[in-house]
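Heads up, the next two complexes both have chain A, just with different partners, chain B and then chain C.
Presenting the complex of A and B:
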């Protein structure tokens, strides 16, 4: 997994990026652009979550807390203090990273997976309840609105760039920047000594520690990086959708959606969560006509993939020939796997 | 009693798990460059003693000095960086990493780039005879190969003290001589070894000095000859079928 992608793989990635960047210039359908913007936001979210869970082996189920913290922080600060979202968005990433460190400290002391799941989930619930309770500031479930959009600017020669609901293209490119930037950051980390240390820790903490690897330092780094990216995405989401409720950005269904995307696409692979996010975001939208039943279909799909295609949809890409290497990567391994044989 | 010849000094070490005293007031010293054999029946506390020396467990009583320095309160990764390495009785490979990547992980602390780590790992992969498995995932290895992998990883940290917990344990008969030769060659690198080994012939041949542990207590210490003829050892250990 630490070998670079083969040439065909690089070309395929370049082609996909090119399609992503050219698409809004040729396809002006705002609804389609909206779906791709959401796919990119959730795709990056899934990649960031997969980084802690699939690679670092920190099985957290409360990452939506960082999305909500980023969203509300950026929305409230920009709205109430009239600070441009261009500044509050990166600040929201930092605040989420700080929150990530606060949660990670107790989590790192726990070795039991169910307990880690409960602590992280509990943290997200606390944040959600707090945002609901302080309704003078957040308006609770009534919804926080009046969130400023990103300020427009002029690109010499191209004209004015305006961020508003009707004009999706600037949002599209900002989302693409965040998406590609997040994926690039995670890929660089995974394919670096940090990635080697994290996978080693995931496969055997005791062995990794016996080789001089400082468990706490690497786990905190993974957690904070992931929380930073998710907080950034949450802030973008706030200034894009312009309406926040605690249940929309901090509900458990958001986390389940992201977990589902990762499982369906392929956990512990680089490309899987992205594939899962696009398939699911667009798929769930396509099923909008059938109302609440779509979550049922969604759930059934997760179960089906987990049972019949445990490696996820990326396994299908192997059919294109192993030379692409998209499906390659590290699957979830458990301590038991390591002990057998 | 500690001299500069001593690389490790264990002083009155003890640990209890609830009501069970797994290691009780054990003291011994290991001299630089020697092979120190640790013998004892199942459940005697040998692995627990390794956990205490490597830092995976904190003792309830006593102190551990490595090269004159008190390491009792240090974490395993800190002790590793000081020069204490170990293998595990139940092997702990990084299952989803290749053999080479497993050994690269041991070079993480001392090198900056993956290329440097790969370069540093190479000789250790070769030394343990896994060159042909370099790019195989560790989970595909046999038990004997996993033991070799752990030796390569441990050596790649550049240790001055190496704790080997049953290198031949659970390994098929045909693979045992090769592993013993390998331990012999490790000894020639000058690293100090502490061996846990159930095979009496093997441990007698490899060790300079030995210690016999029973129910967490040290019952005897001395040359391999003295230990093998010690009445307690004969009663408690050599009378048993696995000797």
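Presenting the complex of A and C:
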């Protein structure tokens, strides 16, 4: 996973990025672009979640809290104080990162997987309930609307760029920027000494600590980085969809969706969560015809993947050539499982 | 706030607490023997509610057999789920996470199965017993008295079974050390399956009793499983007595909390308490301190 990609791997990445960037120029179907925008948002979300869970080994089940915090913060500040979303979006990332630090503090004290799962989930539920309770400001489940879209601007030579519901292309490129940026940031971190330290922590906390790795610092760093990215995505989502309810951006459903995507794609790999997000977002839409049964199939699929294909869909790509999976699946077991899990 | 009203709130808190205790005890039993967090616990609760709705409200079967059949059916489904997924995963590496992921999948599956079978509407179940218990100014529906009575009975039976029967010894031996228990002839895998079914059955008991109070719908399990998480954190994950004390504690604190604020704050109080506990005493009231 730390070896540089083989030439064919690099070419494949370059080709995929090129396809992603050229696509809206040739395919103008608004609905298709919308699906790809959502795939990119969830893909980046899954990559960020996978960073804490698959690499740093902090198995959190409450990352939707940061998505919701980012979305509501950016929406409320830009709406009520008439500040441009271009400023509130990065600010939302920082607020989410700060919230990430608050959650990470109790998580640092515990190693047991179930406890971490419960405290992170509990935190997200608190945020959701608070947003529902303070309905004078957030409008609760009635839905927060009137969220400003991103301000348009002019690119010399290309003309004016406008963000509105009908015009998907500017949103598409903004989503692509966030998506590729998040993936790049996570890849850089994973391949840096920080990534090595995180994987060492995941595989054995005691061994890592004995080698002088500062557990606290690295865990906080991983959590805050991941929360920052998810907060940014939440803010983008708010200014894209323009309607928020606590259950849509803070429901456990959202977290389960992202967890499912990561598991199906391949947990602990770089490419897996992205593959999972695209396959599932587009797949669930394609299954719209079978209506209410698609979530039934989704649940069964999660169980089947966990049971029979623990490495996820990326395992299928191994056959295409060495390292085409962009980092082979890593085992999810940690030395601490034996002790506490 | 009159004293009577406060007392009524407190009694309601204790009664709801007894349900939290049963939910938490099921989760604790499963965690205690297998060290897994069952994310589908809320859906076993939901199935219990729907089975009672189906048998009692739709087909007018007497509540006693209706509840017994519902609970047995849930236990059977849970045993099947355990055999097909958890039992297999427990033998592999990384099971602490993979079992959570698998039960999460089961939970989505069962929710949507219920949605396909019964629809998303809230379905109401009539009270098993009508009327009010009245002592002076203090009143309480008999249904709630029944809930409390059954809850205490079930918890006492479980405690006796775990303490004094051969089955109970086998469960506790497996919980302490599955391999050592297998060495002395305890069928650990079978004990795991039975314990899982028993834990789910406890959730179904809670659902059967609460179905007339809250209506049933496919998503009814989510709030209850989150409360059960709070309960096991308070009591100490895997501790049966801890879950019971934790359940009552949560019920009482919630009741006092909402008389001081408003009922919207119920969940904030519960989760706040959980996070507070994880800060100061992460191993819970009855758990063993481990890092």
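Note that the second predicted complex is superposed on the first by the 330 of 341 C-alpha atoms of A that agree within 3 Å, B and C clash if a C-alpha of one lies under 4 Å from a C-alpha of the other, contacts with A are read in each partner's own complex, and residues count from 1 in each chain.
Here, contacts are C-beta pairs under 8 Å (C-beta built on N, C-alpha and C of every residue); 3 or more make two chains touch, one makes a residue touch a chain.
What you see is a predicted model, and the numbers here were worked out from it, not measured in a lab.
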Using the superposition on chain A, tell me whether chain B and chain C clash or fit. fit
What is the angle, as a multiple of 10 degrees, that the CA centres of chain B and chain C span when seen from the CA centre of chain A? 80
In the superposed arrangement, does A:106 touch chain B (first), chain C (second), both or neither? second
Touching A:203, do we find chain B (first), chain C (second), both, or neither? first
Go through the superposed model and pick first if A:293 touches only chain B, second if only chain C, both, or neither. second
Touch check for A:192: first (chain B), second (chain C), both, or neither? first
Applying the touch criterion given at the start, work out whether A:117 contacts chain B, chain C, both or neither, answering first, second, both or neither. second
Using the superposition on chain A described above, determine whether A:160 touches chain B (first), chain C (second), both, or neither. neither
So, A:136: does it touch chain B (first), chain C (second), both, or neither? neither
Using the superposition on chain A described above, determine whether A:211 touches chain B (first), chain C (second), both, or neither. first
Please indicate which partner A:310 is in contact with in the superposed arrangement: first for chain B, second for chain C, both, or neither. second
Touch count on chain A, higher of chain B and chain C: C
After fitting on chain A: smallest Cα gap, chain B-chain C, Å: 10
Report, in rising order, the residues of chain A that make contact with chain B in one complex and with chain C in the other. 331, 333, 337, 339, 341
Where on chain C does chain A make contact in their complex? 31, 35-37, 85, 88-89, 92-98, 100-102, 104-113, 115-116, 222, 226, 229-230, 232-233, 237, 264-265, 267-268, 271-272, 274-275, 278-279, 282, 290-291
Touching chain C in the complex: which residues of chain A? 59, 61, 106, 109-115, 117-119, 121-123, 125-126, 129-130, 132-133, 252, 256, 259-260, 263, 292-293, 295-296, 298-303, 306-307, 310, 331-334, 337, 339-341
Interfacial residue positions of chain A with respect to chain B in the complex: 1-2, 191-193, 196-197, 199-200, 202-204, 206-215, 330-331, 333, 337-339, 341
Touching residues on chain B, where the partner in the complex is chain A: 54, 56, 75-77, 80-81, 85-86, 88, 90, 92-97, 101-102, 104-106, 108-109, 111-114, 117, 139, 141-143, 150, 153-154, 156-157
